[in-house]
Each structure stands twice: as structure tokens, then as C-alpha cells.
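Each of the next two complexes has chain A plus one other chain: chain B in the first, chain C in the second.
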Partner chain A sequence: MAPLNSLEKEYPLIDSNFQIFCASHAIYSVEDFLLHDIDALFTSATNCSSSQKLNQGIHQLLSIIDALHPPLLNGLQLVEDARQNKHVFSTGCQGIDALIGGGLRVGQLTELVGPSSSGKTQVCLMSASTVAKHNCSVIYLDTGNSFSPQRVAHFIGQSSDYVSGNQNVLDRIICYPVFDVYQMFDLLHQLKNNLRSKIGKSDRHVKLLIVDSISSLITPILRGSGPQGHTLMISAGFLLKQLAHEHNITVLVTNHVVGGDDGNSKPALGESWKSVPHVRLLLSRDCGGKVCNMSIIKHPAMASGRTATSVRLFV
Partner chain B sequence: MEIGMLPISASKRGKLLAAGYTTLHSIATTSITHLATDIEVSESEALEILNFATRNSALERSSGSNTNVIQGGQTAWDMLNEERFSSSITTSCADLDNILGGGINCKEVTEIGGVPGIGKTQIGIQLAVNVQIPLDYGGLGGKAIYIDTEGSFMVERVLQIAEACIEDMSEYSHHFHKDNQAYGVKMHPNSILENIFYFRVCSYTEQIALVNYLDKFVTEHKDVKIIIIDSVTFHFRQDFEDMALRTRLLGEMSLKLMKLAKNFSLAVVMLNQVTTKHVEGSFQLTLALGDSWSHSCTNRIILYWNGDERHAYIDKSPSLKSASAPYSVTSRGIRNSTSSSKRIKMV
Partner chain C sequence: MNEKGREQPQNWIKGDESGADMLKRVWRVRPFLLPPPLHRVPLRVGNVLELVGPSPSAKTQILIQTAITCILPKNWNGIHYGGFDHLVLFIDLDSRFDINRFSQLLIYRIIEPYGESSRDYDKALYDLCMARFLYVRCSDSFQFLQTLKTLSRRLDKEKEVHGVSVHLLMIDSIGAFHWMDRASTFLSLKENSRKKLFLQSVSEAVVQDIKKLLQVHPMLVIATKSVIFWNKYSTASVEVKGSFMKNNWEERSSRNVTRNNQHFQYREYMPSVWQSFVTHRIHIRSSDDHSVTSKCQNSSFYLLEWLLPRLSFSDKIVVKDAGVFVDS
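== the complex of A and B ==
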């Protein structure tokens, strides 16, 4: 929403006369215009001289605003979109797939929460290798140097139908080391712009975006001086969900746990983050055991509290 | 709001919003003088804000012509090939090296924790010496940075371990190059001591300042291959009033260490203390600094007593199997355990 004077170049109707008129109503930017009472503006425009030009100017602004919002969809269009675009990707582990209704759904933000060494990175690596095997691209944002290409190669090699062609599959997984929340935003914006300008190219679409872990990027800025950290966290969540929905990607993020008030552990990042992911899964590992347990905290289609019986991740 | 994603101060952000600039595009299309007068800052500050904004919109404009790949990433295939050539730092204990897949890996942050007296500082000193083993003998030939927060670094001990290391190397060279006299070891214990950069920090602010400074230091001394912090938790444990501040500072410090490890291809080893945690009715020993800190390392090794023997256990790793191995601390440094019943336990 630019200040009005910057629109003058492209839209000659919004000339200085119009701007002076708006300034008399304390309107300096398009945002102020939206907040103002439009009918009152129309009536005061008719009372002024050159009212026709002012009216045209107001209509011009309204049409600019109309062009900016996303299209309105009805329920039938949403169902069609879901059928054609929003598929389900297997995570590579049957137990997890059975728990979350088939796998990771395109268009949804899935969060893995768990204490240290409970298997979050392993689930991410396994999902990445499974999606890459199905001829789709994977983008992996790694904040803790835990991306292990060795492990991914091991997962790919496990499946019997891929004897050769490991390089092709591994070439589809791209890992970005990210150590700063602003760096993550840069990357996500670049990805958004790339995807927007490449509509029509059918090969090698990005289908899985993993951020491991988003909590280590956000914890240093949360609850500092001012609400800046909180704003960044919520806008990161919105950006990820927008990427997921508009460009048909499934997004997977990992989070850690902190100690709660009553001694139980709860997911980090606080109360406001709770509503951001579509699916929240809690992982835990028995002390020194090879077996990880996964339970649903939140899911749009499954009952929460469902647990997966032993999910063996270390083969 | 896209303004929120610019790394500028809160007051400047407030001024931009009050003047009506809510998107990066709106900033990018104005001139410096306009911006400076609108938000009442100096021209140099306006130029800085403009640079941030145009950098982002330049990315928007150029994306149409470029390839699909965003800058800064590597494919898994390239990383796999690189991994084959990356070297690791031996711990001088063959069992420990085996479970670690060759030793402490570069480009990763490893946390080693244990009860007092188990040998954490000894391992730290051994690694600082071993990183200097020349390339001919299978080492990295690099230098070490040792950050001491507790004052447990004893120079006499380092000298002892360095001398033992040189003796081992000359024994190795005699063994394999018996006929060639020219393969004598040319290292002197003093040169090993010279290549360890020692920093003593006495408060948490000094520690954070030092971690910030390390970036510049390692750029100037490019052959540093390991940074050992002993111990990383000491100054953060006592009397920290503001827990939220502690979490933020630790999170930021761990990200900086990760970045150092990745960008300069060096190993970062953090030594940590233990504390007790009340879990399901019993008290368990866990590493200090809480749950959020436990995610700030790539690998974690826990040292513990098993009867009379010292053992090391891999608690967290993205690619190594959970296993434990015995080791011992001798006058020559860390060596294999000499117990007769020693074997590597796969957990």
C-alpha cells in the first residue's frame, strides 16, 4: 500500500489535485483510503469543484485495490483443487503413514515436536528421500548441520526398485544451510518469486519443503525487547502456509520441547504458534531404545491422542 | 507486513510505517531524499534502508531469467561426494574413533558431556593436539582454538600429551618407513603448543563477545580446524536472573557456532556439565542448560562410568548408530581401554 504520490506516475488520474483533496481528509496512503468512509468521501467530492475528476480518482483507487486481493473461491472449486492438486505423500514409514491418514498432505504445514534425539531429523530425511524417489524436488533448510547425505543415500538404497540412479534422486534434494531468521525469509521469498514466475514448467516441481529446525531460528528473537520476534514467527508461519497452498507444496518443520509449569514438557515457541501448523505430531523415544513413539497433538482429519505403535527408525 | 522482514531497528521501522511505507516495493520506488525527508532520518541511513529494500526487489525482478535454483544450496549428491573427502580428527582411542566413524567430523558441532572427573578436559586437550598431526600421518595439519571458561587448561599436561603424540608419530614412521631415514618426525612439542590459540573468558558477556569475534579471527587464521569450548555452560549456570534472556543468548550463540563450523569447514567441540532432571518420579542425569540447548549441537556424546571404566556413548547423531565404547585416560593422553573384557556395545 504505497503512499498516494507514488501512484501518480502510473495512474494519471491520481494527480496533485486529487492528492490535496485526500490530504484534506487526512488520507496520505492507500491504507488510509481503505480505512476512511468511502460514502462520505464521495459526497464531499461532489461538493467540490472538478468533482467528476475526483470521482474518477476514487473509482481508480478502488479498482487498484480490487486487483490486489486473491480470487474468491466457492466450495466446489476448493474440492476440485483438493482432488487435482492436493495429493498425499508417503513419509517412507508405514506406521507413520497409517497414523496420519496416508502421509503428508500437499498444502498443509506439518510440525514434528519432540525432545532431543527423538527422531525428528530422521523422519525429515526419510520423507525427503521418499519424495525425491517419486521424481519431485525437495528443499531442505538445515539450521543445525544435521543434513546427512549418507543417511539419505542409505534410505534410497533400501528400497529394492532403485538399484542405480542414486545420483538422479540425490540431485533432487537441495540443502540450504540457514543460520539466521532473516536468511530464511530471504530464501522463502526467492522461492516464492521463482515459483510464481515459472508457472507452466512441468518438470521437477518442488513438492516438499523442510525447515529443520524452525525453533532454533526463532528462539533467539522471541520475547526480546518488543513484539518483533513474535511478528516474525507468525509471518514465517503464514509465508510457509501460503507457499504450501498456492504452489502445492507440503511443508514439514521441526520444533523442540521446553519444560512446562507442571513439570511436563510442552512444545516450544509458545501459545500463538500452536494454531499455525495444520498437523502437529509429538515424537518421543524410550530411554536408549530403538523404538520411537509418535502421537497426534493436532490434525484436521484424525483424532488427537492417537499414537503409532512402535515406529522403528534405526534399522 | 514485509517491512518487518528488514533487519533495521524498531524505531526506523515505526517511522516507515507512520509515513505510509508498508511494503518493500513502496520504499524501492522512492528516491533517497524523499525517503529521508518523509521519515526524518539522515541521508546515509535512508540509503541503507533503500539498499535493503532494493536488494529484495532486485531478486524479484531477476528471478524470471535465472535458473530454478536459489543461490546458496547444494544438492545431496554433491554433499555426499564432499563427505567422502572430508577428514575427521582422531581421538587417539581406536574404539572411540570407530563408533564416531573415524573421529570428530569437521563441519559439525559436537557436544561432549559428563560428570566431573570423567575426562572431558582431557579429551579437549587431546583433540587440540591431534588436529595438528600432519597430513602425511593422516591428520589435518591444522591449528586449534581453545576457549577456557573454567580455568582447567593445564599447560604442563598439554606438553605431556604433545610429547606422547610426537613419540607415537615417530614410532609409526619407523614402523612403516624403516628404510627411509628422511621420514623422521620434524615436529617439536613447542610448535604444537604454538599452534593452540588459547582464550580465557571470565563472564558470559566475554564468551558471547568472543564467539562473535571468532568469525574475524578464523578468516585471518585460515588453518584453524577445531574450536574447543570448555565448558560452554559454566557462565550461564550461576545466578542468571532472566531465563528468557539466557535462552535467547544461547540460541544465538549456537547458531553462530553452527555457521562457523559450516562456513570454515572446522569442527566445533563443546564440553558440557551435567545436572539432574526429575523425570517420571526418578532423578536422571542430563546435560546442563535445559531442553532448548540440547538441540544446538549436531552430535552429542555422553561420558559415563561403567563400574571402574570410562565409557562414551553416542546420544544424538544424524548418521551414526547409537553405540558406546570404553576409553581410558593415561599419562600419555586418551587411549584405548586396557580392560580385558572390552568390546564395543551396539545399543
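== the complex of A and C ==
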């Protein structure tokens, strides 16, 4: 946020006199102003000379803040927005759709947890192909070189009648190889800017964003003594959720498992990450079998532990 | 002299307020009981209740259910709903609020007196209640502070529109920005660096702003807090740990569960200014022994315990499609 002297041009009330007054209270920017007690400022302004102008300056700052704050909505507006924008996309597998109430919901961050080769990437590829078939773009951030165009083509070819349309469908899935967390942040910020300024034709119809897998990006930075690793993780979560909500995208991320205290496995990324995704699903595959199980760890409307037993996800 | 002498006793007899005014004043600050599962301790406006628990633990479900009770009217079309008939303000710091679940629970509550068989609900009542639910979403601490500073005026406007005032302030996940604030060292243009931590300053500003808001608009504040640091509890005989990778839920519930000396499994991470602001505290954790008799497919079980004021027993609560209930 802006330091006060940069606001002087646009708002003449914030002149140097006002800035000196603020400096006496250790307020140098709008952020400092937010952390300060406004009533105390008003009382000290009345004690100074030219208190009228100082009061006006304080009111001016308050109105600047007023213009920036998030809007106050009511329930009816939320329902209307959900009805118009926040649709549900099928994942391509009926069993999964039935388990999570229709499919992946726009505006929500869904997390797939599971040990390796439990089918997480397959679910991602299947969802990507299903969403792409509905004329929407998909952005796939691939951290482990696991994106397979042949598999996607197979999914598309499986349930469509014509062959020639496949090329168009595949064009809508854009895959970015990402190998560290800063690259991911760069890409996400770029995507946010493109969507906000509405440039870049390919980004306009993005409806699904997949990060496979987010844990391989974040786990390396979580070690270490400072809070920076956790901060980056939580910031990434907030950025994904903001993208999902403001630009009506559904986000799908994958996570792996680590050993827990008592020998059982638990999802990676720790306790703080647990409150970031909207929906958390656990995948497991019986040894050598073709049958995958999926159960709900967390869902806003379904009970945890609810399972889709013996969902034949992939043939 | 005579007149002055007469004036004084007259003023003394006259009284400060009429009976109606006094009732109005007392009615506002009268303690009331929230619906179950928060019904064990009476609360009043100005109290701050904190729901602590790991994720998932039905905290947001409890908030939604309490909000619905608040926005429902007392009576409608001859049916007694028992609501508080006031507005609710929900500040979403987690960005995880699901309006569809809220709508689903509200419809359940509206249909409930009519029995199971009815399908359609009273749309006018639904619209009235939904309009009474106010929602703000913040994505960082500065937006939260901005909202708090400008809230008083906006609440006045809403009061004029609806005719009733805000009774409940709900904050979903007060610790949502904890990590971001902890690592944040925003540029200070002073030569000397700040003496206080940024996290400390933000918490103080938040508590101060909420206190000021409560002076003008008396409300009951309910905040959820999720667990960030998980401490291994080391008690003498603990036979079960919270593992949820088990494939069979029946296997877990049939194990022998004994817990002696319940230790809190979490570490307090909010600054002391917030901790002293909280007047009541509830701890919710997952329950390991579900009764196998309940055949409900879509229900989860949790244990709810009052920490402040300390009650000696825990309630078992169950989350079903229709809401959160106390399992007796």
C-alpha cells in the first residue's frame, strides 16, 4: 500500500502538514494508518493547530480505505452468484461424481491425497479431458513430468463419436512444466493478471486449473527454522482460492502421504494445510489391483469417511 | 429559595427512565441460550466465544446452524420457529464458505415443522432469511482491518434497510493469516525497525477495532480457530491415536478406547491480546468411538468440550444432513 507522500498529488488534503502530523504518530503509509487507533488520532488532531484540516485529512484517508475494502454481500446475492457462476464439472467418472455431490465445483479447491500410483494423476487427466470436451480451457501445472497427452487422447477418444474434433479438444489443455514453487507463483500471478485485464485469448475460458503435485513443490521449502516455508504454502493456498473464486475456476491439486507418528500414513504438508482446501479426498489402491478406493477426508456438505467402495476408476 | 428547595426533591422523585425504557435496555443485554450444541452456557452480547478444533471438526457447520437460528423469525405464518429475528454478519477469512450448504440447512429448518413429506418451502421466508445474512470475504490482514474500520457505518445502513440490528458477528478462522503475518516484515520508512512484531500489532489493532465496534453495535462474537501446531499428547494409557487412513471404520470403533488425562493436543498460537479478549472457549475434536448402531451413511461424530468455563463432561455431537445435533 502507498506511503502517504505518494498520495499527495491525487488527494490535496494529504499535504505536508498532515504528513508531519502523521509522522509524529509513526504513521508513514496507509498500512500504518490501519494499525493505528483512529479515535486517538482524532483527539490528538483537535489538540493541534489547524485541527480542521487535519480532521479533513483523516476523513480523506478513511474514504480511501472505504474504496478499497471488500464488499458486504447478503445471502441472496451469494446464492445468485453461486447459481450463475459456480457450476459443477464432472470428473469423467460417475463413481467420483456421485461421491462428491456432482463433481468438481467452480470456486472450490479440491485436493487429492494418496500414495504413489494410487491414481491421482489419472483422475487429473480424466478431469482435464472431460472439462476440455465442454469447450473450456484447462491449465495443467506438471511438476513431475507425469502429463501424458496419449492418455488424455485416449480419454477423449473413449467417449466421443467423432475423431476429427480431438485436436481442438487437446488444444485447450495447456501444460506447463513447473519445478519449483517460485515458478508456480510466477505462473499464477501471470494468470491472475491476464484474467483481470482480460487479455490473452487462451486464458479467457479457463475453467480448470490442476497442480500435479503441489506437495512436491512445497515440501522442499517446509524444512527449515523460519516461518517462510509455511507462509509460502499458505499464500499459495490463498492465491489458488482467490483465483478460483474471483475468476470462476475450479482448482484441483494433488498431495502425497507421509508416515505418521504411529506408523500409519497421513497426508503431507502438515496441520496448517488441512484448513486450506475445500474438499479433501483420499485415494488408495489395493496392491496390484485395478480397483481404487476413494474416501472423503473433508467436504463442506458430506461426512468424512464416506467412501466410494470399489470404484472402478480406470480400465 | 423556596422554589429551589422544591425543585431538588422533585427531580429526585422524577426518575431516570420509564419502565418501558428499562425493559428495553435490560432485554438487550439479557443472557440467552444458543441452540444446541452450544447450549450449555448462557451467553450475552459482548461475549466472545472461540471454537477451537483441528480440521475437519464441524466448526463451520456449528456457525452456520447458529446463524440460521439467529436470522429466523420467532413466528411465521403461525409456525413457531424460535429464531432470534436479527441479522448476522459473517466475516470469512478462510475463503471456504459454501453458500449451498447454508441454503440447504436453511431449507431443512424451514420445512422441519411441516414434517418429512413436504417438498416445497416458503420462498418468502427463505428470501427474508437470506437477506438477513451478511457476508464479507477478506484475503489478508489489511483487508480484514479495512473491513473492521468501516463496518460501523455499513451496519447502520443495514439496520435501516432491515429494521433489525446485527446480533451475531462470526469470524471464520481467526488464525487464517497467522503464517502470513508472522513472516511479514513490511517496509517501515523509519530508520529504527519496529519494536513490536507485525503479528502483535495486527492482533492488537483487530481486537481494538472489534471492541470499538461492540460499543456501538452490541453483538455476540463467535470465532473459529483451527489448530496449527499439533502436540503429541503423552499420557499414561492412551490406546488410540487419531489415524484416519484406516480402511474399515468398524474396525476402529470396535477397538477398546480409553483416554485418561485428556491433554489438549494443540498449542495456543494467537497472541495474548486475543487470548485475553476471548471470554468463552469450546474445544471440538473427532470422536473415535462411534456407536456402530447408527446406520446413517452421511454423518460424522465429534466431541465438544467447554474449556472456558470449564465443564466436566463432553457432549457428543453428530453432523447429519439436517444439521448438527447432540447425540444423547
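Here is the rule we go by: the second predicted complex is superposed on the first by the 303 of 315 C-alpha atoms of A that agree within 3 Å, B and C clash if a C-alpha of one lies under 4 Å from a C-alpha of the other, contacts with A are read in each partner's own complex, and residues count from 1 in each chain.
Just so it is clear, a residue touches a chain if its C-beta (ideal position, glycine included) is under 8 Å from a C-beta of that chain, and two chains touch if they have at least 3 such contacts.
No experiment lies behind these values; they were computed from the predicted model shown.
> Looking at the overlay, what does A:149 touch: chain B (first), chain C (second), both, or neither?
It touches chain B, and chain C stays clear.
> So, does A:301 touch the first partner chain B, the second partner chain C, both, or neither?
It touches chain C, and chain B stays clear.
> Look at A:187 in the shared chain and tell me whether it touches chain B only, chain C only, both, or neither; answer first, second, both or neither.
First partner only.
> I'd like to know which partner A:216 touches here: chain B for first, chain C for second, both or neither.
A:216 contacts chain B only, not chain C.
> Which of the two partners, first being chain B and second being chain C, lies in contact with A:102: first, second, both, or neither?
Once the two structures are laid over each other on A, A:102 reaches no partner at all.
> Across the two complexes, what residues of chain A are contacted by chain B and by chain C?
Residues common to the chain A contacts of chain C and of chain B are 1, 3, 28-29, 31-32, 226, 228, 231, 235, 257, 265, listed in rising order.
> Which residues of chain B touch chain A in their complex?
1, 4-5, 7, 10, 19-23, 25-26, 29-30, 38, 56, 59-60, 63-64, 66, 68-77, 79-80, 83, 107-109, 244, 247-249, 251-252, 254-256, 258-259, 261-262, 278, 290-292, 294-298, 300, 315-316, 318-319, 321-322, 347
> What residues on chain A touch chain C, complex-wise?
Residues 1, 3, 26, 28-29, 31-32, 34-39, 62, 65-66, 68-76, 78-79, 82, 108, 226-228, 230-231, 233-235, 238, 241-242, 245, 257, 260-262, 264-266, 271-272, 274-275, 278, 282, 284, 293, 297-298, 300-306 of chain A touch chain C in their complex.
> Of all residues in chain C, which touch chain A in the complex?
54-56, 60, 94-96, 98-104, 127, 129-140, 142-143, 145-147, 149-150, 154, 158, 173, 176, 179-180, 182-184, 186, 188-190, 201-202, 204-205, 208, 212, 226-230, 232, 241, 243-247, 249, 297-300, 319
> Could you list, by residue number, the parts of chain A that touch chain B in their complex?
Result: residues 1-3, 6, 28-29, 31-32, 115-117, 121-122, 125, 132, 139, 143-153, 166-167, 170-177, 179-180, 182, 185-187, 189-191, 193-194, 197-198, 201, 204, 213, 215-217, 219-226, 228, 231-232, 235, 256-259, 263, 265, 268, 288, 290, 314 of chain A touch chain B.
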